[in-house]
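Chain naming follows the written order as A, B, C and D, and within any one chain the residues start at number 1.
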């Protein structure tokens, strides 16, 4: 879990992984939801049995102008919330002609500015995206394939938390710390939870909590971060999990393990494996509860907003124990 | 269930109902979630047992420019979805300096333009809102009390569908048709489902499906509609349900039963009773499944986006059987 | 000026005109402002002498939700104006911590939803735009060439109004009525105004006023309209005017004179000739004044907002006599 | 021009100035444009004669995400420019069904985030605004009185530049430096320009150029700044100028001269005197030209976007010599 000392990931490594891990066609030529297909109705029934305390955890940061965006990445900004009608107006008599006193509001937000799902149309490999669709099917009118709305009733199943820093006995992983396959497997063993086909796996690095404690986001959104190493793409493919989520901006370790390419793990896991990715998850409360009762599995329900042709969606993920 | 022939609801009737049904202070002076307090952990555990088939239903309309808004109400408009980065750009080599090929996007939307939760700060009674808070606490900076973010981990429990037109043997209720207490109770008996404390009760009128079949929304968002009669406020208070949802724009019958005031039922149920309201729910698929298996209860999870100080939130409500 | 009965404009006609009228390179390989180069400092000095009455006319429609957009064209919508702070809040004491009472606001608007300039990056011919730049230089990050900000100090000079319906003795031209070169020339003669190199030529069709009188926009923004015939592209090239403006949505006659291609005149005049185009100009008051004093020339100042890399800009054009 | 050593401005001073300088009713009870009434047609004719070189200067900063907003003031942010259609899409064949290849775009921006006019509805005194209108007439639906659209054909006349740092022989005034009446008068004498009734007076402090040279805005938008002292309100009233503009965020010296109230000069000049204020003007090029030819007067045309009921407008002000 220390910074990798071995050779950097090369473009050839990326290409090899792409070929080795490719899931295209596995669920038919028309599939647009990828590894979410790994969830069976029985998995959902089984997951429901994990609701034993009746205790729900929201894994969302609130969406507001205190969010993590600081201009580091591609024109993203924090949510802008404005009012169309207010209680102050109502009391001042400015709504009398309407006959009911009310408030109303509006939001302008990048879909990936806060707690969020990446849709499968979010990342491309060469000229293609998930399941081999032409990347040009994501144009100025949106994602004509692999849009987030295709997953609207799919983000439900068994959730598993892998709390890496707690397992290591530390508050949070340092930026740049890579999490490898061994880390994932040993952490799961230590926390007595088995990762299974169809799971929503949530990785805690502690980075977000570190920022929240410090009262400043710094490079959280787009800068350096602890996160998954490139090799974990193989683990994702092998375990056949449904989705992978993290308390960081992009799940993947940064600085990246490459010399040139940016976000090499993304190149593989979204377009080639077809996995949905959850980012900027707030896991503090859930993690503390898991530590307390020793149960690292739970029912998970994180429905995206079905914004037509969108390549992501803000989400309020719910874990229930 | 025919159009009311008896006397219209007067301002005095509204005032009387406000006094009679007021829940203020019931959950302490600092409460901001109202009847969501009716849900106990055991209710959630019990609701989980309703997941027997592992089948999930999204109750959201997709969010896009084909949505129901047509300018009838208060400057609301349909979602505006634009791209910050596209696959076409990626393939054309316009992202080479970034090192990863990706798409990204943004939305501008009124929070109540589609499938949505009303927060308790959405409607006022006189100069106050839920739990007696000053209505002026909802100003241009948002709802300093009773914002939607307070409910972020609360919209979970047992769901019950009351399919009024199916019980009546018709496709949909006509606009202007009021649903009374007798209708709710008889429908529940006929559909062999009991409404209990802490439930999320979803009313189907068929209006949305009628519009979808016709291929035009007409006055759906702000015009006439079938819906709940004023008298059902008493039923809501008596049954102690957690939330009430509908497949219409505003749950309430329109034209309203009043001569002057607009949306009289809203005056009572949100600010006085403190109930969260779900609107523009898409219930067709769920209703067909309920009709088929005869089971009108289910696990319900509809987490709002915790947009800080917002008076509503778009939502993708999930029903699971 | 009747609907054309002769043969339709073919793709070959368009290609021929493109070659015949091409201005590429005329002002150097790095030019991004096209025919605005036709204006000399002396032209501006001369134009200033047309200010004889000290009377200014705004040629802008107000920007609000009553604007002409009705969803006919490419996701354009009317301006959305919302408040960040209000006087009602101020009086209610909601701003006391700030120390000054104020209102503030925000707009979301397509840049071409109302009275507007088209930038030279707005229309492409094949894979190129004005001056031969690759059309792909207009990507999701905007127009890296031919953006509106390049014209920020250029929209100043002599304005000329050609009031076609007044010359014809009618209120407005019918939709579909084409204005040809003869019309332009004869109207100028009749109105005793000479069109000169470097002019801002404003064409009145009366369509906007017809819509305003009717109280509904109908197909104004994207539907049928009176307007310039394809042949006028040659006139524009020959006269070396600086810009062409109109009281319609797109200057060009609609239905178009083609069988297949849309907006053939646009194909030529923007990318090949390099002329800036003003659209949705409100000319009623100016036209009435010109009719009254018989003077159809004036000082013209219509500065675009220099929105970096934008392909258009809302504008409040000013004519001064 | 050093930091004031005499007593601070008190609330009583503000109240006294309000009474002393009040222009309410001067142009009738229905007036909504204040001192813009000071401009006569003859003033415009005379101003036109100042166009002697045919040289135009744009006084606007470009509007983009490099703008000065940094979150210091009231939820303002820099412009967000996104594309609705692109040349990349066009070339990739994604627009073939449309028949014309084009780009289109959209902006979301606070109206006062960059170079801008304050409307008279922007600042309140007590419960009133310009001409005595109730401040509550600016509600969530905008400014029902004193909106920027009322000035749509008024921002035209004689412009005068007072280049304070150049007169002082320095690059820029330090933040906190107050400009007094003596400074204005002596600078005008030194620069051989007379300030007259109906003028648009533009003050240069050099602060913006200092930020541009440094490559960072720092506290430019909302922090400390050089600017006009409170006493200049009397000068504004006495000179009967039409408008006052500056190269700073708010014209007024900051830290303010008060102990409690914020922006005391604003309290007086906008709501009591009724003067339109231009802010964040880019005057570098104009100032250099004035220094070179010794002529500090020019024709000025700065039409606001007539956004209905807005309390400000972005603007591209044009000075012509």
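Assume a residue touches a chain if its C-beta (ideal position, glycine included) is under 8 Å from a C-beta of that chain, and two chains touch if they have at least 3 such contacts.
What you are looking at is a predicted structure, and each value in this text was computed from that prediction instead of being measured.
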| item | value |
| --- | --- |
| Common touching chains of subunit B and subunit A | C, D |
| Interface sides of subunit B and subunit D: same vs different residues, half threshold | same |
| Chain centre separation (subunit A, subunit D; CA means) in Å | 45 |
| Residue list for subunit D, restricted to those that touch at least two other chains | 75, 80, 82-86, 88-89, 91-92, 94, 106, 108, 136, 139-141 |
| Overall pattern in which the protein chains touch one another (line/ring/star/complete/other) | complete |
| In the complex, subunit A residues that touch subunit C | 75, 80, 82-84, 86, 88-89, 91-92, 94, 106, 108, 140-141 |
| Subunit C partner contacts - residues on subunit D that touch it in the complex | 40-45, 48-49, 51-58, 60-64, 66, 74-76, 79, 81-88, 90-91, 98-112, 121-127, 129, 134-143, 149, 152-154, 156, 260-263, 266-267, 299, 301-312, 314-318, 320 |
